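Take a look at the structures listed below.
You will see chain A twice below: alongside chain B first, and alongside chain C after that.
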Partner chain A sequence: MKMYLSVGKLRFVTGLQYRTAAFAGILTQLFFGFVFIMVYVAFYNRSGAQLPMTLQEVVTYIWLQQMFLGLIALYFRDPDIFQLITGGNIAYELCRPCGLYGFWFAKLLATRVSGVVLRCFPLLVAVLLLPNPYGISLPPSITAFLLFLLSLLLGLLIVCAISLLIYISIFWTMSPTGSTLMVATAGEFLAGMILPIPLMPVWMQKLANSLPFRWTVDFPFRVYTGHIAAAEALEGLMIQLFWLALLTGLGLLLINRALRRVVVQGG
Partner chain B sequence: MGNPIISLEGIGKTFKVAKRAAGVRQAAKALFYRKHTFVEALKDISFTIREGEIAGYIGPNGAGKSTTIKVMCGILVPDEGDCKVMGYTPWKSRTAYVGNIGVVFGQRSQLWWDVPVIDSFELLRDIYKVPDTRYRKNLSMLTETLALADLIHVPVRQLSLGQRMRCEIAASLLHDPRILFLDEPTIGLDAASKIAVRQFIKTIHKEKGITVILTTHDMNDIEALAERILMIGKGSLLYDGSLDELRRRFGSSRTLTVDYRDCLRPVDIPGAVRHSWSPQQAVYTFDSAQISLTGVISQLSEQAEILDVAVDSKSVDELILQLYKEHQI
Partner chain C sequence: MQLYLKYLSILFRSQMQYRTSFWLLTFGQFFIPFSVFAGLYFMFSRFGELQGWSFFETALCFGVIHMAFSLSECFVRGFDVFSSLVVSGEFDRLLVRPRSTIVQVLGSKFEFTRFGRLVQSAVVLGWALWNLPIAWTPLKVLTLMMMVAGGILIFAGIFILNATLCFWTVQGLEVGNLLTDGGREMAQYPLNIYHKRVTLFFTFIIPFGCVSYLPLLFLLDRTQGHGLLYALLPLAAILFLLPCLAVWQFGVRHYRSTGS
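Let's look at the complex of A and B:
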């Protein structure tokens, strides 16, 4: 356990070095947040129909997404791990008395957390100060907020488990581009990164519900807004746990299979 | 010499390599149909290393040295054969086993690039679960013998190769391994760093009785360190023995360079071959097992007034080249 904390800490410290990147990230995320919100504002003003989410909920959803982008975005990749595999430095990783899966999981987790810690607080202050309808709203209750934190954490773990499956695929494909692109593009759409799930057509909602992705983005953010009520949220947490167990189990199985046929690239 | 600590029995490993000729057309063809060839990296490799030995593992590029090291470290799974290191089969009980070994791959880095060396050391301490007192003791010993005091607070990317290699070696010894695998530890280092690394390996071997397996292309490494040489070529073990024995086998040839006061005609010596001659200097080679050095010199001194003589035996490099030639690799 201490080892995982230690590797996480080192990764975290390394990540904190990139202050300029964090500052640039904040500006980019503010910009994208505004663009998305303006589109939704126009859409809500012109639409006569009864929509499944209020504008206020959508705006909050978008700001949460921008704040925690680093935690939940599937297309974030960790160049270190795929260089380990394609460059052959995995030789050293295999000389350590620990399982590779847990070791890499800790690395990924720390990279994501360190990336977000520097960005989310300044962004939070900024979006709290914005006037209506552009500002973020507070969660309706303490319970909703606590459930949100829990679901965000589980969502983060699920994202890491999915990313690790992508990395493990590199043992066979030798390039992260294809698998990242496919999984990230489809996965982010089905996670609700482009469009919150309730705004999707029903058939697409069914598809999204049968896959793990929506539990990483759509679910925690709608728990925050109260759009998903506490009782339903508890049920959702169970489903998150189920997916987490399934995905980590699959990852462990595949990594063991990959290591049996590992080739250290580059002599 | 101690008990056997590493034993390999008939280890074999084959790699599948995709092949295609150069050019766009061939590349397009390879989209649909790929040719594979099988490269036998290791063929029936067997040897035993005893506890406390320093063994030099040599061979030309691509001979299978690194592959053997990786099998012994539990990184690669061989296709056939058996390997026991300290009672473990490395690739079967990898996580339990690797806590007992230290590894340095000269061409790779185990240190975190962007942070000071000490951070990597502390991570390794936690990975290997080294108790704090022992970690501090080992760290101060390594800092002292490898002269790391000024280096460990510097980010790795700012170190020179020689400095980094010293840190890499220290990193592999923080957890008191019983076996140290060094895969080309002196590659790319300047003369001073090479000597420092060799000196350190000697010290650590003497003080801790650690078993060292070393691969290298630098025969000076072998000469300075290895009591025993294992030579591999094209995947097969070709020689296993001491450096002295190798010398005895191939090394009885001597080169003699003589300077003398002006002598107008060349001197022939039975049993020695004359390579060059001038009124001031001549070069001979002879087999010291056939004819003694004193014999050659005394015959020479009868004919000319000798001013100076220099005798050279074959360098280890030449011995190894001769071994390669003998095995046609």
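Let's look at the complex of A and C:
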């Protein structure tokens, strides 16, 4: 366990070095957040129909998404691992005296967290100061906020487990590009990255509910806005735990299989 | 021109060496904007309309901008990844050759996999046109083509500006993507739904409005006053590209090699 912690710490410190990149990231995310919100404002302006989410909730949802993009976005990938597998350096990794799954998991986790730590606080200050209707709103209660933190953490772990599954699939496909791109795109849509799940048509919602993706984005953010009440949120946390156990279990199983018949690419 | 075609055929052959990967990437490229478009579709099915714009009208706007974007990504990709040329010092080699730097950088890279994206935007565009009751005249056809062409020029201009920045910063900057990706996100909707100042910026400074929103009004016969003016507005993209090229020339003169 200590070993994994120090791997994570090293990665974390490396990630913190890229401060200019973080600054550029903040600008980009502010800009994109604005564009998305302006589109929603335009949609909500003329609409008299009963909508499943208020504009305020959608705006908060978008800012949370921009703030924690690095934590929950599926497409953030570590090119190192791809190269390890396709380039043959996996042999070195196998010499290390620790489990490969845990090692990679710690690595991914730390990369994501370090990327977000630098960005989310300045961004939070900026969006708190914005005037209505563009600013973020505070969670309705302390309980909602605590539940949000917990669900975000679990969501992060689920994202790492899913991306590890994608990496492991490369042992079989050997080509990291096409298939992973498609899984990531579909996954992001079903996670509610393009539009919040309640705004989707019913059949799409059903599909999203039966897959793990929505527990990483849609669920924590709606817990924050209070759109999902505390009792329901507790239930959701259980489901998150279930998916986490399932996905890590599957990942461990597959990686052991892959390693038993691993072919080290030469060179 | 002949040189450029030569570059293209070499690049095409080299990319075709990895055939499976090529097709998978092309296919994947098809899907990325597809999910964005699906989002757009679902939004309209939820809200009905967007400040007086119907789904197909917005889809037309979306199709034009995405088609322009994917084509410019195909052609101008060399400028997009230009920082790698500067970092490695490769750019010195281009400078000693007796051809214009612009042609050489253009020819240094060409992403054929972006065709996936192109096909997707073409489908959207076709679908939108099929469902819109537009009374076609030759001028309208010309305008539509100029909208796409003008869009390509604007994106090309931004790519070139970003690349020029590398002469001073060496590393490429994320901020550049703000104008290309961000501009694409903005311009895929009719611009008048945004805040007034945003609309003005994207009409007069970076003229996305001149290739999407304003000529769109002409296509849909919603113009007030002189229609011809709206029809010819995509030409404004050239006015944007020219200063970008001038800045590039200025940058080349101030280039200092990294010496590696």
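Simple rule for what comes next: the second predicted complex is superposed on the first by the 266 of 267 C-alpha atoms of A that agree within 3 Å, B and C clash if a C-alpha of one lies under 4 Å from a C-alpha of the other, contacts with A are read in each partner's own complex, and residues count from 1 in each chain.
Rule of thumb we're sticking to: a residue touches a chain if its C-beta (ideal position, glycine included) is under 8 Å from a C-beta of that chain, and two chains touch if they have at least 3 such contacts.
As the structure is a prediction and not an experimental result, all values here were calculated from the model.
By the touch criterion defined above, A:Thr111 lies against neither chain B nor chain C after alignment on the C-alpha atoms of chain A. Residue contacts after overlaying the shared chain place A:Thr225 against neither chain B nor chain C. In the overlay built on the shared chain, the residue A:Tyr92 is in contact with chain B alone; chain C does not reach it.
Put simply, more of the residues of chain A are touched by C, taking chain B and chain C as the two choices.
Of the two partner chains, neither chain B nor chain C is touched by A:Ser169.
In the superposed model, A:Phe31 makes contact with chain C only, not with chain B.
In the superposition on chain A, A:Glu188 contacts chain C only, with no contact to chain B. When the shared chain is aligned, chain C comes close enough to touch A:Met204, but chain B does not. If you check the complex, the residues on chain B that touch chain A are 15, 62, 66, 70, 73-77, 94-99, 101, 103, 105, 107-110, 112, 114-115, 119-120, 122-123, 126-129. Residue ranges on chain C touching chain A, taken from their complex, read 20-21, 23-25, 27-29, 31-32, 34-36, 38-39, 42-43, 45-52, 173-175, 177-178, 182, 185-186, 189, 193-195, 198. Taken together, the chain A residues at the contact with chain C in this complex read 21, 24-25, 27-28, 31-32, 35-36, 38-39, 42-47, 49, 51, 175, 177-179, 181-182, 185-186, 188-189, 194-195, 199-201, 204. Interface residues of chain A, counted against chain B in their complex, comprise 2-3, 5-7, 10, 13-14, 17, 88-92, 94-99, 260-264, 266-267.
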